[in-house]
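Below, each structure is written out as structure tokens.
Each of the two complexes below includes subunit A, the first together with subunit B, the second together with subunit C.
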Partner chain A sequence: MQYGYAGKILKINLNSGDYSAGSIPKELSDQYLGGRGFVARILYDRLKPGTDPLSEDNLVVVATGPLSGHLLPGSGKTHFGALSPATGGYGDSNLGGHFGPNLKYAGYDCLIIEGAAEKLSTVIIDDDKIRVVEDESLRGKGAIEAEKALKTRLGDDFQIITTGPAGENEVAFACISHDFGRQAGRTGIAAVLGSKNVKAVAVRGTGALPVYDSAGAQKKGEEMYRVCYSKPGFKTWTPYGTASLTDWANEVGAFPTRNFQSSYFEFHHAINGQAIRDHLLVTEKGCFGCPTPCGKYGLAETTVGKAYVEGPEYESIATLGGSCCLESIEEVAYANYVCDQLGLDTISAGVVVSFAFECYEKKVITKEEVGRDISFGSLEDVIYLLEKIAAREGIGEPLSKGVKHAAAVFGGGSEKYAIQVKGLEWSGYECRNAPGMMLSYMTADVGAHHNRSWALGYDISESDADVSALISAGTSGELGVATPEGKVDHVISMQHSRPLFDALGICRLQTQEIGFETEHYEEVFELITGRRVSWEAMIGISERIWHLTRLFNVKHIEGFGREYDYPPRRLTEDPVTTGPNKGRFIKREILDRMLDEYYEKRGWDKNGVPTEETLERWNLNNGQVVDLRW
Partner chain B sequence: MKLATQEELCSGCSVCRVVCTLENFKAVQPARALLKIRGEFPDPGVYKIQYCTQCGVCAGACPEEAIVDHNGIYLVDKNRCTQCMICLESCPFEVMITDDAGYPAKCTGCGKCAELCPREAILEAEA
Partner chain C sequence: MVKGREELQAGSEFIVTVNLVGCLRDLYPHLAEQEVIELDRPVKVAEMIARLGISSRMVLFATVEERLVPKEALIDRSCEVNLISPPAGG
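For the complex of A and B:
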């Protein structure tokens, strides 16, 4: 009996409609915990080199963690993974809401979706009754629309993930949607679902979770909530959520603006957290188990249309607001809504659209190719491009594959300002004054993403204070502790500590944003599972996963190595055009030295490949495959 | 305690439902919670809380007089209950459930939901 876990992995084969469920191998839970750990291990074991991400040989793995669904802050998180159509390498993404806990209450910690259905289908998991139901009526429906239709048909107590038309059409940055406004956005996993003809997965779970010390876990869980309520950030951070970063990111010159030409957006005051509260907010919406509901659900009214939308989050404000230069929160929110219905990752979408705007300005693409004039700052033009991309029509076809691919098609030197790493678009932090954060983006396993190491705090104030404290403290004197020295250790440490939450199946924002102490998770883990595993040992598991996802990229991306870890040349050659960091950029030689230090400390060779010694240390070189046949 | 709500503050987090089943059934099983949270999405985008107001309709419906008023909190007396489930069907808020032993279960007024709610969306009612 593995206390804390629901106890089973469910495999569904879409070709036959068959399914099987079996217990979690102890080596998997011992060495990989759950969530991101299960995703990485299963994908690594099961996928052969040369697999086409959009073929039926790819898998979609959905995994909760041992702490998901229990009484403790932020216990609602679920991890998704697949071979990414955007990068050809390891792809994963995470969302909150209520899907994961219900999957556990139905009896499953992990779901593996194999093969492809013949017709557009919904997978329905109703406790132990599993069905794959053909449903052509859902074709073309927006992701939010489809969730509503399925909730109405199946019942409100079902928790549902959906794709939008972008997923059905296999757009490389199509996202998974859930709970009317949450997304597992990155790496195009919804495109993989689309290639499998899966429009939605619906789950209802009515069972209980096994807990080792139920009374003790209840008492500890209650205490954990009370500790959260006592933090200053509980009252100051919660009302603004991630949008609270908007003004700060501009003040320190780290806000992507005009396709990363600049790092300061003069209209940031009109698209910040206060703007959301003043102009949009209806409900503070939280995920399962959350004490600090960061979801800002509201109503956006623009000249183009009016819609309910959750958000925009900081990232969407950065990429749709700053990078596309939309000047009002209503416009940013409405663009966010369009992405949500189409089922497009707002981060990649914002960067792809702003890339298109710059290519048009520079005449790298023509009005004939685009179909009309387009320019930064136009909501109508943003929507026009988003719809073209989701439909893969006209200019939308090359754009639908991401900026790396689009730049190769468009030519004209556009690859310089295709802001991506490994084929994944850069997210919401401009780094030409932030070498630690730059390295974070370069070395994140999925491509240019901030959610692994968020080293920006060290670049600005040499501090790992929680974000609400950083924002309260403001900038410290001389802007940018822009030295590369001393950053590598912080990046490596955060690449272990932050994704650990993804393996445990919980949210990291209580720790990251309001300083909730990680010791509490260690204690409640023991009460729930009956196993004493120190936070340090869990960090070790997270490090193992880090080396494994690197190995995955070596296995699946031909010629993978150091060259895949560099940022685009805009960031190493073009000076920031305006704002506090005007004139700055980071030369490639500096990044070279940081990479050398990073690889050495990681136990990887000079090409960034884990050495045999490192693999042996983390039990990754024995060729063993975790056996999931029952 | 008797409960009251400020629904507009509800974030839909379900902490109330999880602590409810832990407190009353020693189980992590929100499907068995003695209150319900219902989201109205996408429009108007709010949460509704269905909870036991201790209205006594269940007690009035019970043919065995097995649901008894204890200082304003109605509790099921399993010794008198014949498991007919008329009470369940009569509850205007649909917040009664069947426990593992087949008996109807209802809110016991333990107040854990109010104690733990991050939003003060569920509170102790004023006397």
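For the complex of A and C:
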């Protein structure tokens, strides 16, 4: 028995309908902790080079962490991973809610789904009773609609993840949905579920988790909540959540606007956190164990329709609002709702739709190809394209594979405004005056995603040469030019610390946003698992995982290396068109300088491939695989 | 820690306890989570931010005694101020 863990990994083979469960190998928990670590190691070991992401040979791995499901702040996180159909490389995504804790209470830290079902199916895990149930009645249902139907059928005590029509149709940026508005959004894991004919996974767990020092862990957990409640940031974080970034991102010129042509959206005050409170909010909503509920559940009423929706989060505001130029929070929220029902990642969807708008504006694609006129700022056109993409009809077919693929189909120089890295669409931060954030996007293992490193704060804070002058100018003064110096260390440090939370199975927002000390996690980890592991040692584990996911990409993407780490040419050649950073861009030479330094500090060669010494240091070159045969 | 009034240095009129919230701790590691400033005259929040060496752009909200205030607000008495950074990327 390993304290803290439920103890088992469940494998379900959809070809045969068979399932089996085995113990977690100790080397797996020792060297990879759980969550993201389990996902990365299992995928690396078990997927062969040349695997088609949408074939039955791909796997979907769902993993909780050692702290998931225990009574401490933010312990509701679950990690999902697969060979990504968006990038052809390592893919993972994370969600809160209640699914992971229930998976553990059912007895499983990790679920591996292999093969493919013959018909559309739901996987049901009811403690130790496992079933794969064919159910064509759910075909075509929206992700939230399907969850509601299954809750009605199975009972409210089941926690359910679903896919929408986009997942069924294998759209490269289809997302997993849960709890009526939480998503594991990125890298297209739901498309992999769709290729396996899995519409949903429902879990109900009623068991207990083994805890090394139960009384001590409970006492510590209670203390952790008290500490959270006492933090000065507690009261200011919850009312606005991530949407409070909107005005700030505009003031510092980092808000993607008009498909990243600009970094300032003149209607930002109409789509900010205050607008959510004024025009949408019904209630706040948190995940399992959350003391700081950042979810905003609201009602969006537009001329097109009205709907209850969770969000929008900042990222959705940036991509559906700024990048597509929707000018009211109701419109952004409604577009968010359409994405949620169709099962589309709002980040990629917003970038793909705004890319289509720009291609149309620049006459790269025609009215005949699109099927109608389309333009920035039209909610009707956003919805039209989202529905085409989810159905993979007409113009939706090339767009359904993401902007990199669509640009290759469209031609006409459109690759320049396909805003992505490694095939994954860029999330909500325009970077032409933010070299640290640019490097974060370039080197993130899954592609252009912000959650691995958010170095934007360093870019902005260090670009102010004269703080007093800026203050007297208010927030409309001209920004200093951000420099790349010193950014590499910040990026590397964040790429270890932030993903570590995903390996532990906890939310990082309590630490990141309200200043909750990481020492608490060390202590509670010891009380729960009986193992004393320092935060520094855990950071080391996170670094091992980082090298492993890079190796994964080397293994699965032919010719993978430095060329895969560059942003599109728009960001290195075209100046920002309006706003505080008007005229700015970062030359490719500067990116090369940062990449050289980054690779050297990582222990990778000049092509970005981990060296033998690095692999040896992290015990990644022994040719061994974690034994999951049982 | 907040100093008592009896500990104030000669010439100081009041003390302000400043809490750094969010990524400000990472961005300014030389500052503590809670800083205490002795003031001998009323100052604007913005000036106090500058005195700490923090970029005004990295302060999303400021609160005085838990009430949101603009950066131009004047601090003219002993109080607790929270400086809150933008969320670090969600």
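Basically, the second predicted complex is superposed on the first by the 611 of 630 C-alpha atoms of A that agree within 3 Å, B and C clash if a C-alpha of one lies under 4 Å from a C-alpha of the other, contacts with A are read in each partner's own complex, and residues count from 1 in each chain.
Following the convention adopted for this analysis, a residue touches a chain if its C-beta (ideal position, glycine included) is under 8 Å from a C-beta of that chain, and two chains touch if they have at least 3 such contacts.
This structure is a prediction, so every number in the text was calculated from the model and none was measured.
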{"item": "Clash or fit (per the criteria above) of subunit B with subunit C on subunit A", "value": "fit"}
{"item": "Partner chain(s) touched by A:218 [first = subunit B, second = subunit C, both, neither]", "value": "first"}
{"item": "Touching partner for A:156 - first (subunit B), second (subunit C), both, neither", "value": "first"}
{"item": "Touching partner for A:144 - first (subunit B), second (subunit C), both, neither", "value": "first"}
{"item": "First, second, both or neither for A:585, with subunit B first and subunit C second", "value": "neither"}
{"item": "First, second, both or neither for A:209, with subunit B first and subunit C second", "value": "first"}
{"item": "Touched partner set for A:283, first subunit B, second subunit C, both or neither", "value": "first"}
{"item": "Subunit B versus subunit C as contact partner of A:566, first or second or both or neither", "value": "neither"}
{"item": "Vertex subunit A; arms to subunit B and subunit C (CA centroids, nearest 10 degrees)", "value": "80"}
{"item": "Touching partner for A:457 - first (subunit B), second (subunit C), both, neither", "value": "second"}
{"item": "Per-pair minimum CA distance [subunit C against subunit B, superposed on A] in Å", "value": "17"}
{"item": "Of all residues in subunit A, those that touch subunit C in their complex", "value": "231-233, 235-237, 241-242, 244-245, 248-249, 251-252, 313-315, 429, 450-451, 454, 456-458, 460-462, 464, 467-468, 470-471, 474-475, 479, 509, 512-515"}
{"item": "Subunit A to subunit B touching residues, read off their complex", "value": "69-71, 98, 101, 105, 144, 148, 156-157, 179-181, 205-209, 211, 214-215, 218, 221-222, 225, 228-229, 282-293, 295, 297-299, 308"}
{"item": "In the complex, subunit C residues that touch subunit A", "value": "19-23, 25-28, 33, 46-47, 49-50, 53-58, 60-61, 63, 66, 68, 71, 80, 82, 84-90"}
{"item": "Interfacial residue positions of subunit B with respect to subunit A in the complex", "value": "8-9, 11-15, 18-19, 21-23, 26-32, 38-39, 41-47, 115-116, 118-119"}
